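These are the structures, in structure tokens.
First chain A sits with chain B, and in the next complex the same chain sits with chain C.
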Partner chain A sequence: MTTALTGRGVGRTARAAREPDGTAPPARPKRTWAPYLFISPFYVLYVLFMLVPVGVSLWLSLTEWVGLGTPRWVGLRNYRLLATDISFHRALGNTAVFVLVAVCVIVPLALLIAQALNTRGLRARDLWRTAYFVPIVVSPILVALVFGLFFDRQFGLLNSVLRALFGTGGVDWLGDPELAKVSIGLVMLWRWTGYLTIFFLAGLQAVPRELYESAALDGAGRLRTFSTVTLSALKPVTAFVVVTSFIGAAQIFEEPYLLTGGGPAESTLSVSMFIYRAAFERQQFGYAAAAAVVLFVLVFGLSQLFNRVLGIGRAAA
Partner chain B sequence: MNTTGTRSGRALLHITLSLLLLAFLAPLLWALSGSFKPRGDIFGYPPDLFPDPFTLDNYRSLLADQPFMRWFLMSTVVAVVATVVSVFVCALAGYGFAKFRFAGRALLFNVMFSSLSIPFAVILVPLFVMLVKTGLGSPWFALIVPWVAPAFGIFMMQQYIVQSIPDSVLEAARIDGAGEFGIFRRIVLPLLRPSLGALAVWTFLQSYNSFLWPLVLVTDSSQYTLPLGLQTLFVSEQRQYDLVLAGAVLAVLPAVALFVVLRKQLLEGLSTGAVKG
Partner chain C sequence: MYPPIPQLPPPPAPVVPRRTLLRGALGLGAAGALAACGGESTTARTAGDVTLSLWTHDPGYQAFFTQGIPAADRATDFRYHLDVTRAGAADLVTKLLAQAVAGRGTPDTIGFEIGSFPRMLRGDIAPRLLHDFTADIAAVPGLEEDLLPARTAPYSQDGRVYAFDSDTPMVVYYYRDDLFTKYGVPKDTPTWEEFTELGARTHRDHGASLCVVSTAGSDVGQVVGSFQMLLYQRGGAFFDADQNLVLDSPEAEEVLRFLCDGLRTGFVVDISDYYGASMQTALKQGKVIGLPMAVWYKNYGLMPNVPEQKGRWRIRALPRFTDDGSTTATLGGTGFGVLTDKANTRAATEFLLATWLTHDGQVRRFTETGYLPTRRSVFEDPRLNAVRDEFCGGQRLFSLYRTLLPDVPAVHQSPDQPILFDVLAGNLLRAYHGDLTPRQALKQTAADFRDQAGR
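After this line comes the complex of A and B, so read on.
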């Protein structure tokens, strides 16, 4: 596979590689084997590092294992324990809150920003969208550090601003169970909005202008044009963005882990953190695997449902 | 495409966009300027954009006392290798899916596509166990190899190839007697260049910024990646946020620079698949 090979040489190599199988129909051998060779490096890795682990997770979830020795078969016990584990319930609830923030706050906001960026004749569009996108490019460590310092109760910038504006500013952003969720939500908002905006903007730019013109001819107002033309043309993009942000928020780890460590009192503990904690801090690998299977069923099931309902990926396959 | 006809509407639009710009960039500017301030000034209110007094001490002691360069090298080498391999593997498979009809194609594609909705935490534990048990837990293997075949990358490539490479070009090459791999290397790859750039930036950033997997996998502090190194610096030594701030700024600069240079390819490449759905 070096660059020195000529086209004909490569052809010979490829044919030579195909011959041992001998099962190719003689009529159009090229069409029969080449695609499998093309996709095989990907598919081997994909099966080994994605499909097999999912299977292993299922099996591990039926065992008890501290990471040493042989896993002990315990049947469905891990799942029964999960069903009554208050920490797991909290993790599920908190994750649901993060998902709602992503889907119901961040996604609509991204759509609004995209709509603003799509204004006809807007100058420096590239500058705006690039700047808005930067937060997702930045290492989560920097994000956590900066926002951690902003949220600091005594010296943080947020409380300083509040003190300057309203005279009082002892808000415990990361120490109060409810506010800690709000703080995590703010960081998610900051990190993800510009990223999702890109998809909406591309979708808006692909809407044919004639649709707007005919809506204007029909005398539709701005709101009606938005709902009948824009939203319906954006359906595939919206579906993609909703599913993407759902999956992203459902596996949220870095923001709560780095900012609050899941606290206070597990009020920001996410399911991913629960899995991490069970496996790598408490050596309950079977239990962690069971929680992972629950997360898999919920996220995979719901996104397949979304995909069915909203019709993503159908055109691609 | 709403038209803002009036002058006041246009002004309002620009004010809104500018406020958003401030909201998205101010925390980063704050970090940048803070990294040049002595520790006591970082929390100053109102925050000064231009540090006074200006100091390089944070950077100096970071580079002198911490193995920052080693973390940086580790992260960069891992990310570059993962990116190069991943782009090649994804382009190959994306081409296979986009331009050939073969038995099992729909099934293979759908299985791959649906795995986009498997959260990483689901395979975190089994993947860790598998790699460690088979002796493949070395960072050089485990931080790279499992990540070179992202379903997202194939999807992006497949979409792009369907849209931008006409069958006629491939047929013409076949009639000229070119081998299939030769066609891929000499015709398809060059035509794919913009989307290869997009996928490369994306893969690089994913790898360079990844945190959870290295956190689980890397136990030897001499093999820490940047995020891990900064994280331990932050939690272990009396919250040295002046050092961490300098380190985080240094860590983020290459990522942001890369993004800004290749932003066109990345932003367009990312949205290609989503728009066509």
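After this line comes the complex of A and C, so read on.
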């Protein structure tokens, strides 16, 4: 900062010194639009595809619109109806469960797997990494198809295994309201854990070895080393993974839509599915927009809270 | 020291200055963009070459209409060409509405799968977008009396007909002739009540079921469909002609109790998907040896899943409910509509009338796609009555279909039907699991529907 100020001061002094000589003051830089033109594509696209849709959604949420014709202004009616809509409450509750699974189960599991994959002397390390990463690249349609067969009550693989091992089967994995949630959680676990593991693995590889050596010299055990060295060093990565997992799970759509359709009895209906259903199955675009605004506010607000609590983007003290 | 630099000749003056050229290009671009954003011409074509944009979810319809072009050319003043777009049934409606909002790119003719059509009934979407066929039907001598009202009802609103159905999808009873004989199950059991006892015994002795309900949580249409078939057979309904909910009825309770009891005894088996691997396994293993289903299920469910069972299946009328009800119901269908106020509206309407609704067209539709006629008189056609079905052991099925025809019930749809299906599917599953009594499930459905409908 000091250097910059000094530099500007020097420039000003030199100009003041020249002007009394009768020389013409240096020409003011010509106003040109070129730089703005060069950076404009991003902002034009940002406005068109980000700000305008958000603004339109907000406006749409205050109207009643079937998808054709002129929307009818209804003020806050959609929000009032949402406040008393049992389906929406169910969707919020289900989404909260999925968020908890993502943040409290998948993220810690991904960290443990990353720790295991980071072990010195692990054989076929690349094979393991690839194996964990593959589920995220598999098409969700295929995932739903395979897990649909896997979870089938009458003829599914899981029940067949249970029957063969324990003589009991017939568990209605996708038909029982509580088990359906568990099944969706298992699919989330299968799909997302490996993906998040990659982030933790990258973080672990950046932890200086000296820290572990120092901890060993201080007599720290494995648990102590993990909690004081590994977790501390991984704090920025963990914060990022937690927030992105939270945002992803709060907007979960593919898994419940393809596997259970939000059923049975709306027990796996997520807020994103609720919005989709209102707009594209029931032609209630204003109502769907209101639900989308509520979801946006919740996700944005809680993400900000996470950011503050976890200190994302703040330099380490 | 240096030779003088020769004077370069002045550059020739551009014929059009760059700036002008740029402005011109921008102007042309803007004009092009504005032209592209404009609506399509609505000047009606009355004759000559016409290319109809046809949207459908089923390749069978595409083939049918393509092969119908010569007949349509002969019957009208147009020479038809088709530009076909295929997409998922629900996606077609979404795409149609998006194009309608954009003011261009809508099709001339579109096929609505029956479960997707209620979206068109919301607000004034149907009258704004679709051509009303009422006058066209009246203009064809004898058509109004001949066309089954039961199959125009699902695509009608306020007395106007917006689509012509592809099928009279009667519900019949499919059964394995060889296994019924082997297990000693009579093939002419007249009532469901007697069937229930036979079914319980068959399940106990042979592990086979005589009825199926779908519990595919991801497909509410299938879950509701299992119940819907017997509900409409029993004389119940979801909505009346004025789109009021009439589900909560003694008939509905009786049917749901019948299914719930059947699940306890094993007479009924729950299958996650009528078309998928679980049903295929059940059919191959002889766990399902009979089921009520629509006539199209033979072509789209049984034949693809168990082609090796050709000749072993038979079709009969549904057993009756002792108290009341009829011998059949309907499930499914696809209505073809025409977009209104377009240049090709007349051409598309005449094309549908000349292919979809003629006597020969309906005969051809059955022979090519397996869908039953929607005109009464076509059921008398000797060509159809002579058809023997090899998958069903050479049965002449049209004689059965003719007897069922008077019992085909009308299905009235409501814009709130998707809501009903969502809430009903959940409560049906809870009743099947024993978490709710049939009475409670129906009461809960009505309450949930009232809570969500009209938002």
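We take it that the second predicted complex is superposed on the first by the 272 of 317 C-alpha atoms of A that agree within 3 Å, B and C clash if a C-alpha of one lies under 4 Å from a C-alpha of the other, contacts with A are read in each partner's own complex, and residues count from 1 in each chain.
By definition in this document, a contact is a pair of C-beta atoms (placed from the backbone, for glycine too) under 8 Å apart; a residue touches a chain by one contact, two chains touch by 3 or more.
The structure displayed is predicted, hence computed values, not measured ones.
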Check the contacts made with chain A and report whether chain B or chain C touches more of its residues. B
If we overlay the two complexes on their shared chain A, which of chain B and chain C does A:198 touch? Say first, second, both or neither. first
First (chain B), second (chain C), both or neither: which does A:86 touch? second
Examine A:76 and indicate which partner it touches, taking first as chain B and second as chain C; both and neither are also allowed. neither
So in the superposed three-chain picture, is A:104 touching just chain B, just chain C, both, or none of them (first/second/both/neither)? neither
Quick check for you: in the superposed arrangement, does A:182 touch first (chain B), second (chain C), both or neither? neither
Using the touch definition from the top, say if A:231 reaches chain B (first), chain C (second), both or neither. neither
Tell me which partner A:258 touches in the superposition: chain B (first), chain C (second), both or neither. both
What is the contact status of A:149 with respect to chain B (first) and chain C (second): first, second, both, or neither? both
If we overlay the two complexes on their shared chain A, which of chain B and chain C does A:305 touch? Say first, second, both or neither. neither
Which positions of chain A sit in both the chain B and the chain C interface? 67, 149, 152, 155-156, 257-258, 280
Which bits of chain B are touching chain A when the two form their complex? 1-4, 13, 16-17, 20-21, 23-25, 27-28, 30-31, 42-43, 45-47, 89-90, 92-93, 95-97, 100-102, 105-106, 108-130, 145-149, 151, 154-155, 158-159, 174, 177-186, 205, 208-209, 211-212, 216, 226-227, 230-231, 234, 241, 244-245, 248-249, 251-252, 255-256, 259-260, 263-264, 267-268, 270-277
Where on chain A does chain C make contact in their complex? 66-69, 78, 81, 85-87, 144, 148-149, 152-156, 172, 174-176, 180, 257-268, 277, 280-284, 287
Can you name the residues of chain C that touch chain A in the complex? 90, 94, 97, 100-101, 119, 122-125, 128-129, 215-220, 223, 269-273, 276-278, 281-282, 287, 415-416, 418-419, 422, 425-427, 429-430, 433, 448, 451-452, 455
Of all residues in chain A, those that touch chain B in their complex: 1, 3, 5-15, 30-32, 34-39, 41-43, 45-46, 48-57, 60, 67, 113, 115-122, 126, 128-135, 137-143, 145-147, 149-150, 152, 155-157, 160-161, 164, 190, 194, 198-199, 201-204, 206-207, 209, 212, 222, 225-226, 236-237, 239-241, 243, 247, 250-251, 253-254, 257-258, 271-272, 275-276, 279-280, 285, 288-289, 292-293, 295-296, 299-300, 303-304, 307, 311-317
